[in-house]
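For reference, the structure discussed in these notes is given below.
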Amino acid sequence: MPEVIVYLAAGRTVEQKKGLMKDITDAVVKNANAPIDAVTVQIIEAPLIDKMKGGVTFEERLKK
Amino acid sequence: MPEVIVYLAAGRTVEQKKGLMKDITDAVVKNANAPIDAVTVQIIEAPLIDKMKGGVTFEERLKK
Amino acid sequence: MPEVIVYLAAGRTVEQKKGLMKDITDAVVKNANAPIDAVTVQIIEAPLIDKMKGGVTFEERLKK
Amino acid sequence: MPEVIVYLAAGRTVEQKKGLMKDITDAVVKNANAPIDAVTVQIIEAPLIDKMKGGVTFEERLKK
Amino acid sequence: MPEVIVYLAAGRTVEQKKGLMKDITDAVVKNANAPIDAVTVQIIEAPLIDKMKGGVTFEERLKK
Amino acid sequence: MPEVIVYLAAGRTVEQKKGLMKDITDAVVKNANAPIDAVTVQIIEAPLIDKMKGGVTFEERLKK
């Protein structure tokens, strides 16, 4: 506790995702008064055809 | 804002999923007074072995 | 199945939220080939102090 | 209703996941007064590089 | 890890919800090979006006 | 995009939660290559009776 879920379109590198989860973990420890071992972060990566913003899928956005 | 997550068993086509996300986007714009660019929709598709309804996995349901 | 979760800042009326859930239900029935009785939609409404966009809470955004 | 989402690092067998969803279904029927046909459970399995606990990804944890 | 989220319409007692979370915890320990201290369960209870099934809000369903 | 959801037991101050959301926003901008205006964070705060860790509700944990 706390648990953090990140909803993300596919396309980041392993290192980017690891850095993201690490910085979020640090943000939780700093602000929520939680021991680091209690903090879990999970990224839920969507294929570009399974995510839409503004009525346009991320697959279509990339093609533009 | 708002963000919409759809939990779905695998098996829909790309076109079905795109239509679903588009119609949900329109529903949000119409009812929640949100600009279309602010609306995100993500489908989280479960492999049929990872989703259960009524005590039966979707893999088992398909076999019937 | 499918299940839809809508993450929303507080402030919509009961009628707006009902219309939103109804239109999303219809979008799922139309596009995902699901019987209407199987479709659930839940709105998770955040107090304005518990939601942020662009680094600014919705409470702060409203004050502007 | 109710809907249950399980966030899990990859690595369980099909049988383990099925048993988990079945026992959760039974827990809901028993405690929440819900008919079994209304209960859905979905497992969202993260690749080991997409989940972190205590500042360490599950990929790194497995290597130790 | 794992983390379990239960989406529920309001109306269960404290004891029902506690029993539900406890039985889900036990299901995770038994099937997912996880130590009990690592298992978190959170119930997200929707006001009856914020949840819909089959195109009907839970508030409307209760009135019938 | 991306959207971040934080599942948290009740008890943090408004300032703590705002700091948490702000630092998570910065973590996303830094690591996921996203413009700040596209980043949303929502905290879902559970009443202490609606969250359990290790088979014990947070209400019970506080009493110890």
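Going in written order, the chains are labelled A, B, C, D, E and F, and every chain counts its residues from 1.
Just so it is clear, a contact is a pair of C-beta atoms (placed from the backbone, for glycine too) under 8 Å apart; a residue touches a chain by one contact, two chains touch by 3 or more.
It should be emphasised that the depicted structure is a prediction, and the values quoted were computed from it without experimental measurement.
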Provide the labels of all chains in contact with chain D and in contact with chain F.
-> A, B, C, E
Same residues or different residues: which describes how chain E and chain F meet, taking over half shared numbers as same?
-> different
Kindly point out which of B-C, C-E or A-E repeats the D-E interface, defined as over half of the contact pairs being the same residue numbers.
-> B-C
Most widely separated chain from chain B, with each centre as the mean of CA atoms = F
Whole-Å separation of chain centres (CA-atom averages), chain C against chain F | 19
Which integer distance in Å separates the CA centroid of chain A from that of chain F?
-> 13
Within chain D, the set of residues that touch 2 or more other chains is 1, 3, 5, 7, 17, 26, 38, 40, 42, 44, 51, 53
Could you draw the chains as nodes, link the ones that touch, and say if you get a line, ring, star, complete or other?
-> other
Every chain pair meeting the contact rule | A-B, A-D, A-E, A-F, B-C, B-D, B-F, C-D, C-E, C-F, D-E, E-F
What residues of chain F sit close enough to touch chain C in their complex?
-> 3, 5, 14, 17-18, 21-22, 25-26, 36-45
Hey, which residues of chain F end up touching chain E in the complex?
-> 7, 44, 46, 49-55, 57
Partner chain C, residues of chain D touching it in the complex | 1, 3, 40, 42
Chain D partner contacts - residues on chain E that touch it in the complex = 1-9, 12, 16-17, 19-20, 23-24, 26-28, 30-33, 38, 51, 53, 58
